[in-house]
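You will see two complexes here that share subunit A, one where it goes with subunit B and one where it goes with subunit C.
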Partner chain A sequence: MADEGLEALISPQSVAVVGASPKQATVGYVLFENMANRFKGKAYFVNPKYDVVEMWGKQFKFYKSISEIDDKIDVVVVAVPAQVVPQVLEEAGRKGAKAAIIISSGFAEVGNKELEDEVKAVAKSYGMRVLGPNCIGVYNAFTGFDTVFLPAERAGRPPAGPLALISQSGAVAASIMDWTARRNIGLSVVVNYGNKADVGDVELLRHFAEDEKIRVVTIYIEGFKYPGEAKRFLEVAGEVSKKKPVIAYKAGRSSAAQRAVKSHTAALAGSYEMYRALFRQAGIIEASNLREMFDMAKALAMQPLPKGNRVLVITDSGGMGIQAVDMLEGLGLEVPEIPASIQRELRRELLPFAATTNPVDVTGSATDQHYKVALEALLPTAFFDMALVVTLMQVPGLTQNLAEYIIDAKRLRKPIVVVNFGGSKMVQDFTKALEDAEIPTYSTPDRAAKALWALYEYAKIRGVVRT
Partner chain B sequence: MADEGLEALISPQSVAVVGASPKQATVGYVLFENMANRFKGKAYFVNPKYDVVEMWGKQFKFYKSISEIDDKIDVVVVAVPAQVVPQVLEEAGRKGAKAAIIISSGFAEVGNKELEDEVKAVAKSYGMRVLGPNCIGVYNAFTGFDTVFLPAERAGRPPAGPLALISQSGAVAASIMDWTARRNIGLSVVVNYGNKADVGDVELLRHFAEDEKIRVVTIYIEGFKYPGEAKRFLEVAGEVSKKKPVIAYKAGRSSAAQRAVKSHTAALAGSYEMYRALFRQAGIIEASNLREMFDMAKALAMQPLPKGNRVLVITDSGGMGIQAVDMLEGLGLEVPEIPASIQRELRRELLPFAATTNPVDVTGSATDQHYKVALEALLPTAFFDMALVVTLMQVPGLTQNLAEYIIDAKRLRKPIVVVNFGGSKMVQDFTKALEDAEIPTYSTPDRAAKALWALYEYAKIRGVVRT
Partner chain C sequence: MSSVIARARSEGRSKLLEHEAFELLRAYSIPTPDYGIARDEGEARSIAEKIGYPVAVKVVSRQIVHKTDVGGVALGISSPQELERACAAIKASVKAKAPYADIEGFLIQRMVPAGLELIIGAVYDDIFGHVIAFGLGGIFTELFRDVSMRLAPVDEDEAWRMVKEVKAYRLLQGYRGMPPRDVHAIVDILVKFSRLIVENPEIKEADLNPVIALSEGEGAYVVDARFLLGTP
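Moving on to the complex of A and B:
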């Protein structure tokens, strides 16, 4: 069951923004703008400098303090100078707020540990959960709750969808939001915990495990901070990964990088090998960079799990087929031969110079129909667990109908990923048709292969692989 | 000096298109359309079915045969049924054409080796060079010479620029064109040799070595075909790589992949290790996928070579800095510490919580000026050979002026690459400003690190590394 404090942090129904401001190009302004225009719950703005603000054709009442607000408040968003924060938390506590998101910096990260301890003590005395300080907080595409103080021109907001991100770095979180927004990747909830005075990876992971709308959890981590954190993380992640896939990217592998981690987040970097072992034990899938984390997340959110590691490759480019096989085998997946009897059948329906081995090369002269024939003759058989389909749409005989044939094969409940390299409108339309139907597409074979690998890894973690 | 036959193949001044057609959605139509509208030289169209064709508001005379054309012809482009090709080549030879590009398929690739041998014999008897058969031929952005029979809606045409591509696969070549076009990468010349009856990698490599406008040659190769080819390739590539960078991506690394190579191109796949050793000996830089090939090519075309392997990292995101260090050290580049005296100086000018170690973390509160200070204090010193600059433009204090500061550092003649993750208009404008000034940008630290690695590798090949 969901934790009330965490729920208030991530999906509040009412929020007080302390430090909201009508002065453009300030943190308080972006928070005001976010909450006034896009938050679907109730937003109250606190700043003693203002009474009533006219903006966007509407009037907004500004409160002198939280106590003035005549409504219950789930979460208080705090963007005031550091030294005033304990006092604001006192008010929030007295008001009965369940949680606070402290955007303000000037705490432990600049050596002011006492002030951070004071904040923790106040929050604890009222039973409030705290996110931050020194964080960008929460972005929630479902409810429009958005404490990211960077305007959308700088940091795009991704559309609602099945992914969540927990990020130790605020700037990395913002850049991921901007990147996923541009690529239309459904990243619904993003949380950055900054100094981690209270809530961190462990609590967030547990929260997302319970959230039905989240199908895959991604984590950007630099290092743990407190003794015992690794152990708690292992316990919780081990539970969560039995319910839904968790993918982590750990920065800081080399010695110089670990020096930088220490300087950046005062985290106990630990050895990279320690983290790898921890991830493996916890059933977490490890990504080797941010792009790959979302490549894998997309597949895990969209596709069923395979029962084994045998991949059917169909391609209209011998060259791309070869690249796919290179990558698949390099990742420990199998690209088995096709039985001679099926090859004979295939030969009757494909072009005379098509290759009926695996990869099946329908050649650059292929039509949509050739893909359909190959998919339908092979993927349903007991010889294959999943398919990687290369569709270079640059060749003359292919049309948008091909998307329908591939989408139709979803009924077989075996994972399918598509490689679609290029940039023309035709390629873009084809990509959109597939992704709208939850067939993940990738620009190059290495990325598609890694996505299938992630599906297989998670199938092993979930114990659904045929033995 | 340039070979006359190769010159005629790649940069002809006059061309006869045999099999040109006004019938839309045919190969002959796309060739007609390309040459009639975009070729800057003289184009003649041969097809006995037509006399005069009105199209695009103009009149085009169609010739019955090549011999009718009252002008010299450099190259004949052949798109007629396979069995007619030898006869067309006879005519082309009698006309004195220096070269022929045979688009038609139906030769050795479908087992019809005799017909291909006949074509070779005819061409040889007239001293004509042949590209193909079964190829997409040549795309030349400088002159508009374009035998790629795929319309631009399917396969975009990249802009003129310093790169050339030699591709063993036609479909891969077309998809690379489409991909580079969309990304505005200056890929001027693309050649696909199909069955390689005559001209192949070796001759093309030698040709591009002499072409002043080409600064970097990229090669997509699946495998050599003829005995002795590897030896000739090694000799020629060894010479060329002393003049300009050559980057190769070899498909077909695993055993299943090699099976597929054999089926696809009837090439002697050889072991992957054999090719790797060959590349190394020839001074060729190896890419591990197509995207990486162009990531490296961009850097090699735009940036000077480093004198050593020590990289300065400047970042506004500790997390991204850490990722960069991971990647750089993993590739054998150094990320050395900054002398304490310089750190003291830096500390006076950067923010109090900035990190003055390497990576220099100007933090998410940085301004353009902080980057300028760090770049100017460090990159000119004897401690660094090149720089990787991470600019997450999502943070609030950065503006387009930052591009000017980075561009200004070009005067130091040390390589600079930039990591720019995201998708907002601001990120796009910033990227464009940098790339227009020949500072290569990459979306993630791993790609930027690999680009610096390629510069260092080529510096070693050219012997400019300080010892």
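Moving on to the complex of A and C:
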């Protein structure tokens, strides 16, 4: 059952933006522009300074207060000075809004805890959920609901797709949005909870677990703030990770225990170690940086899970193959030898100087066909659980057709990742064809290896690994 | 709350005495070597006769936190003569190195045969609650920080995962001529210890150090234990 308040926060149908403004280069303006031009639901703008505003060839009515709006309101977006926020929430509550997103800062983060407590109390008395204060709120690519007050021309908005992000930091969330937008990574929903007066990681995780469109949840976290919070997180995350992959990146890792301790154990259990323990226990895959988080998320969103840890490596560059093996083995994955009987078969179809051991080196003289032969002869066998394919498209014999062969191998229901880099039009088209068909591509072998590792880790969490 | 913890708290102590720690462990069926508390050398001798040599002798004092540092421990004592000498030496050393400490007596403990030394512990954190830790003793935890942790409670499955997670797990499985250790017994201690911690939330920090894992089928023993209590 989806929580009504959370639903209103993330996918509202009608929104009131309090503090919207036609004055350019202000937060109120960006919110106005976002909601007026891209939101697919109904947006109402509240600011007593304006009456009717003409912009982008359209007329917009500005309301003096929320109560003037003659429609039901799901969520109120609040971007007014902190002192006025409780009063706005009071109005939102009377209007029957299910949730409020408080963009405004000037609360607990600057020591103004009483004002934050007041906000909490008002919201609670009306049964309203609160996101923030001091946050950038929500970006929802499906509906165009967007409270991110960084202008879209400066901070990109990612396309709709299978990923969601929960971020403790607003700035980090915005930079991830920009980064994923430029790489065309489908990050549909981004939520930043700021001071976490009410809604935080736990509720958001639970919400995304229920959202069928979200296939992988990513979390950027710096630290919990409430007593017992880790335990609630464990309970919910432990359930969610059985349904869909959750990947977390924890910033702030200085491992020395900060408190004064007398025992051996306490000296070992620094705060970061506890987060790591929590992630493992909850079945959350830990990323060691943001790029890695999305490298893994992409694979988990696109590929099936492996039944074991044995990787077939096919490459047209010996050097790239060696790098892939180093990384894979370092991560605890296996790169097993190919039985002699199978190698004999392969040798008949590959070039005379090709390596028929694992990694299979089809060499720089390879054609698309050689990859097809190696993939079809080896990946469907009982010897391999997944494949890492290095395609340096710079060699003369390869064509765009290779993408079709690799995509065709999806029917084998074993994970495939591709390493491919370069700036030429051909490489870009090739990458696009693969990614459009949900074959994840990476520019280096270590990133592709880590993506396969994540698939294997999640296969273990889901208990699909043959033992 | 267990009765030993209640007693320590009523006396305003934040640390359990060693024999109280063993009493607590026994209440949860966690194996410890046989022991007895002696007020003097004479009692020490009769306890040693009863539990059998070789024994370890440890000073009992409310004021001493690190017994080894003040020469308060003697290991591998195998005869009454040795036992007498050990008690005298401990007394002399403690008097010299910790003159402020009252010596209440000696803990006489049956020596556990050589095995692989492990650490099991717990620590309380406001945000995480009680966290249980497991690692191999010595440099594995101190230098390499090769430790696995979980939020309490830890059930049997989770305890297995904790044990298998440390890199030193290969040593437990038997490595280069060393025998495989009784991993089931370790998992059993972890699960019981987790229950002990959950049912006694007053415990702020705990170290079972060392836990000695014997060969397969011979079990594991907690040889030394320390419990620190939080403010109520």
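Note that in this section the second predicted complex is superposed on the first by the 451 of 467 C-alpha atoms of A that agree within 3 Å, B and C clash if a C-alpha of one lies under 4 Å from a C-alpha of the other, contacts with A are read in each partner's own complex, and residues count from 1 in each chain.
The working rule: a contact is a pair of C-beta atoms (placed from the backbone, for glycine too) under 8 Å apart; a residue touches a chain by one contact, two chains touch by 3 or more.
Keep in mind that this is a model prediction, so the values were computed, not measured.
In the superposition on chain A, contact of A:Leu278 is made with subunit C only, not with subunit B. Subunit A is touched at more residues by one of its partners, and among subunit B and subunit C that partner is B.
By the touch criterion defined above, A:Pro304 lies against neither subunit B nor subunit C after alignment on the C-alpha atoms of chain A. Applying the stated contact rule after C-alpha superposition, one finds that A:Phe421 touches subunit B and leaves subunit C untouched. In the superposition on chain A, contact of A:Tyr226 is made with subunit C only, not with subunit B.
When the two complexes are overlaid on their common chain A, residue A:Gly252 makes contact with subunit B while staying clear of subunit C. Of the two partner chains placed by the overlay, neither subunit B nor subunit C lies in contact with A:Gly41. 255, 261, 263-265 are the residues of subunit A that lie in the contact sets of both subunit B and subunit C, per the superposition on chain A. Considering their complex, residues 27, 105, 109-110, 149-150, 152-156, 167-172, 174-179, 181-183, 220, 222, 251-257, 259-261, 263-265, 288-291, 316-323, 325-326, 329-330, 335, 352-353, 355, 357-359, 361, 364-365, 392-396, 421-427, 443-446 of subunit B touch subunit A. Only residues 65, 119, 121-123, 125-129, 131, 133, 135, 141, 145, 147-151, 158, 161, 165, 205-207, 209, 226, 228 of subunit C touch subunit A when the two sit together in their complex.
Touching subunit C in their complex are the following residues of subunit A: 224-231, 234, 255, 261-266, 268-269, 271, 273-274, 276-278, 280-281.
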